[in-house]
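Below are two complexes that have chain A in common, paired first with chain B and then with chain C.
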Partner chain A sequence: MSNNVDYGKQSFEKYCEETFGIKNVFEKPEAFKGYRVLSCTQYILGPAAASYFAELGAEVIKIELPKAGEPMRHTTPFNEPFLYPLSRWYPDKGTGLGFFGANPNEYFVGLDFHKEEGKEIMRALAAKSDLMVENYRPGTFDRWGIGYRQLKEVNPRLIYLWEGGFGGFGPGRSRASYDILGQSQGGNFSITGQPADMHGHPSKHTIWLADYWGGMMGATGALAAIYWRNNKSGQGQMIEYSQVHGVQRQLEYALPLWGKFGVVRQRWGNWDTELSIHGIVMCGKSSYPDSDNPQEQEEGFILISAYKDADFARLAEVMNRTDLLDNYATHEARITPEAQKYLYAEIEKWTADKTKEEVAEILHSHGINCQPVYNSKEVATNPHWQKRGAITWIDDPSFGDVLTQGAFVHMSDTPPRIKWAFKPVGADNHYIYQKLLGFDDGKITDYENRGII
Partner chain B sequence: MGDNGKCLWPLSPAATFDEVYKGAPEREIEYNRFLESVMHPRESGKKPEALDGIRVLDCSTGAIIGHWASSMLSELGAETIQIEPPEGDELRKLTPFGRKDWYFKDKERGEEIGMHFLHEMRNKQSITLNLETEKGRTILKKLAAKADVLIENAPPGQFDAWGIGYRQLSKINPRLVYCWVGQKGQWGPDKDRPGELEPTAQCACGFTHGTGFPKSFGGIPTRSGLWMCDHVGGTTAAMGIITALIYREQVSRKGQFIEATGAEAIIRILDYNWAWYGMDGSIRPRYGNWDLAINIYAVNPVADGYLMVGGGHDRLWYRIWKTVGKDRPDLEELIVLDKSLRVVTGRLPHYAQVKTYTTLCEWGKDNTRQEAEDKLLEEEVASGGVLYIDEVAEYPHFKYRGHVAVIDDALYGKVLYGTNPIFAEKTPARLKWIGRPVGYDNRDVYPRLLGYTKKDLSSLSKEGVI
Partner chain C sequence: MSILTCEKCGITNYLDPYTFWDYEGNFKCAGCGELYYVKKVNGQLKEGPSEARGTEFRQPGYAEKREGNNFTPMNEAGKVSPPAKARADFQGKPIDMEKNVRGNLVAGRPLKPEELKGGIWKKILE
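Take a look at the complex of A and B:
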């Protein structure tokens, strides 16, 4: 798209489609072309932080243990789906789908930091990089001579992002963490799930939220540090991101409530503590009664959002239950716990003989906001998400056709994009070590044979 | 309780440096000490701010996603002006279960404000401006001419139709980074079915279907207790905005148009759902507090709550059962003598997970979270209880590091809040004030940026423009 075209008369939607549409993305420049990022990371938290830079066009070099790669490559649902090969050395092994999504567009090299040559290579790479992300236990890289204190001597402009569980100082400084532990101890776990009196338990966010979103938060800090370096100071710095701390930032009113009123926020299931009606109800009829997949056989669910008085009045009318307006015409009356328990049960009587699509159609035709609860197939095949490129097939150079998520944000001039999902371990040893460090083929083969790269 | 200025936190004081590091050999804590000296937020106020000099107009209203995005920028040092309709953002009125006694009130006017909104108003100035009036829109254009970033979340095309969309404002100020935020986007077949508020995006992106217990365990699809997509979508918006600012300064000399949605932010990070569906048509099932890809990696009940234990590979697997065996040799035997569980991959089928966790729960029922954690720690296994909010606020590690802190705000008194997790050596995020009453900064912002006098302001106010 050219910025010289006059869009004055074009409809806004058409304008957005051309501005953000996926068909133009690859013709546009990349924001971080020319930037280099080292990703010495495993699992999701650290890899994710680096991956957003790769989407934005930085040359991200993922550094893994030679030949076998990092542990997330061995993680996949029910141990079934894998993409082959794992590496040139293990052609009959594959990479699990757990690795997917955290490492797009990156260059993959092997490097063993335990060896002296490995440390030298690390320092040489850091000298030529803008950002380094690592998620080893606090102080490990420092002890190995490749931590922030040593690398800033090599490259004062380097931004060093440590991503981890609890952080490198304080009483819990030695504690290891996982996404689910970050959720457990951060507080969002205890306020998610059905309440105890409705036979519920605290529930984890199924997604590796504290990891993937923690990576975003760390990346946000790194972006700000790049801005400050480029425009103000010329200096690099170190950033420390604790994933359990991230979770504590997102507890909404829970902390002020405890601090001032001594009340512990509890879970409230699929409803909302601050808005009513604004919750998820069951639709008794399955949308796919003939499917042989239990995920599809089960009842449907739909979010109904009618918290404004006028919307609720319309909802009551649609349900043929205007009697509900006698006592619940105002938000003040609907928001109490007792009112919510009663009203959602009444709404579920109305949805009991309908599919979620039927409910959605009725409500939309009356201008009431609602959103069916989609499973991953319904999302992947949804025309809205397909058109927007949120989920898309790519012809991956290593693995062929794969269905992948799209970029994390839409940008008119420098859109992030997914070029490839990931590559086998060490796939870019030649490309990176030749280009950046001038290694010749003989040296690369020698180092590969000795397990250094 | 309930008076301004009173705060129950902390119930016990944070540990001192000496208490934390007592007994540890100097060689070991030298690095921790270095890190603490450069990272601890107690020094943040003395350091420069990364986005100092950037001016942000947050025109979003009625949803958290835009406020979250502008919070990230304001906590990193951007001058952030929250633009609200004259009657204030409707989120100000939100309070759990309608409890009016849980409103905060500012000392100057005694105006009520809900905690959810207050927690996200950090470091922002609040001005009022009625964008439904022609005059209000003219004023917005003048403000936009002096801003670096504008965030809005109006219905798709609304600002454009009003003449204050990206197409128009970018002509007035080509350097403007303009960001629209929402749940599902401003273009595409479902654009007119946007859903106003979270958890719409959670339901539309596949998250809710996959969270909670399986039907066979009595579970149903479950939303996050939080307005999670607002937080994640707001973060992607902030990332896009800072990226655009960097690109503007170093390359293009101009701003751009950004669109961030709560649903797509989660779609981007929803694990392996799409690749798996693309590969063999699999629909990601709910699996409660267990994990489809790792065993042991789960939360299960113990005597006084719920405990997370993790250790999928052999080294940790056998240590976990050794820990269990110290109390209950029979349970350890049940697992380690089972040949089908000897290989990592053998532990992943559903029946294997059921056996694993029912056995672990049999041990857990006789241990509290803390007892279990201590015992597992002896074998260097990572575990931790599911903490309730009071426990989170009082947890020694978090208190010491300032993950949770109290600000003694000039207007709102003492407020307990979650601090920004971006700790940095040179430009850390920080909190300067927690929030402002409606239009509190009209008297500062309008004179300073547009040269309005007191008289101008009062006539604009009478006309309903501000």
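Take a look at the complex of A and C:
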């Protein structure tokens, strides 16, 4: 095969822009068009798993408690921002912004699993679906008669993804889990934050990392199950994902380190245990000294990555500190804890009279990799990410002009896309129940009045 | 956290862990205003409370008065450090709005049943 294929005069940048640009996304087919997913989920872990299929074109039906919806709708930053209405039964209540990001493109119906008629509806929906996702406590749906063992009787091709906390068996299985609990038991928090001898303590992640990561891990398992069903077995299967198990996959070398040496991995804050210099440095000047946000008023921060010997030598030169090369010219010399404590302090002396932007300009001009630590406003208004569609304003048909994350990946032929952010609870009762189960308006109204849907 | 009882007024002052995690200086009793010197390192009380050094001080995060088995909070403004705020104009309750940050229509306030068409605010549909 020749390496000299003539692609004309089109640059790789132009190729990517024309292939992945957001302008043409809606003209292309969707990978999972024709697939149906039931999302009996709450908070983020389960919803995230189902939402990736919605972005890829599947008809994802989000099933919630009638009229009031799932708990995540009722969480929002400091109880301030909401989008209205929560549902047509509660126009004066809203959905909190915590609901963003894990439920786009879905159809929203109400269904009360506790009632026998609700269970019958659930079984009827499962009979016409490819994938079901739920994230209740272990065995809850099984106990209600709508778990995998019961649903596979009505639909042997159904793939059932249960996203639980600790798994379905084992002595620690039966508690409820949340992202923060999963990360704590999984070992993530113990290695996050400043080290103890630098007056630090374990720190939680601001974002619900275990939930979004777990959603993607579960979706990956579901993709494998779909492939197996479609190409090998013709049968569905059950997938059991444990949130804590997933967190343990993030621990990198912590487990083999203990297994081999009996060493308990420690926190190392904003620096890196394997690369030096490769960490976050405080700059002495604020980029927004007049902001009314204390976090913006504070000094800026910048990530500097100069762990290769040549890069570090350039950094020392830029800082006018070539004396640092006397003892720290090699990575072997720079990686020790003592060296890092010394070197980062010396770098911060150099950044003490600069903003993060000023530091970035100097380092970039010398070919040193760095990145100012952006706040959410800087992320939201970044032209690079807006052009790529990673951050996007959408004219949402239910809530108006909202800013949201774009689709999770670019694909040349079957790109995922964001059609709407979410909808009010039960917004699609008529559409879904008429289309799939043949309910007429009278039956839907009756079920709504009785709180079944 | 350190729990320090004022020798003069008997008020219990709670030095919250974050403000006093690494702190060397005075704190001001929420009851009588007396200054005490403390030194805390890594969240641990290393020195004090003892006679104040200088006039600068921090306030405890929480304080209470004990009478037998009854505990009365002493948290009036100015006596203890104010709680952290999300923003200068933080409200802590739903904020109503119809225009977003770029001035476009967004369904950001409670609605009345007559403002809906189906389950959507009529203005969005217009």
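We adopt the following convention: the second predicted complex is superposed on the first by the 446 of 453 C-alpha atoms of A that agree within 3 Å, B and C clash if a C-alpha of one lies under 4 Å from a C-alpha of the other, contacts with A are read in each partner's own complex, and residues count from 1 in each chain.
To be clear about the criterion, contacts are C-beta pairs under 8 Å (C-beta built on N, C-alpha and C of every residue); 3 or more make two chains touch, one makes a residue touch a chain.
In this text, all values refer to a predicted model and were calculated from it rather than measured experimentally.
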Is A:Ala127 touching the first partner chain B, the second partner chain C, both, or neither of them?
neither
Let me test your reading of the model: by the given contact rule, A:Ala225 touches which partner, first (chain B), second (chain C), both or neither?
first
Pick one for A:His201: touches chain B only (first), chain C only (second), both, or neither.
both
Please indicate which partner A:Thr414 is in contact with in the superposed arrangement: first for chain B, second for chain C, both, or neither.
first
Considering only touches as defined above, state whether A:Asn293 meets chain B (first), chain C (second), both or neither.
both
With the two structures laid over each other on chain A, which partner does A:Pro77 touch: chain B (first), chain C (second), both, or neither?
both
Contacts of A:Val318 with chain B and chain C, given as first, second, both or neither:
neither
Across chain A, the partner (chain B or chain C) reaching more residues is B
Touching A:Ser398 in the superposition: chain B (first), chain C (second), both, neither?
second
Check chain A for residues that touch chain B in one structure and chain C in the other, and list them.
77-79, 81, 199, 201, 293, 393, 401-403
Residue positions on chain C within touch of chain A in the complex are 21-22, 41-43, 86-95, 100-102, 104-113, 115-116, 118-121, 124
Where on chain A is chain C touching in the complex?
77-85, 87-88, 91-94, 196, 199, 201, 292-293, 393, 397-403, 423-424, 426-427
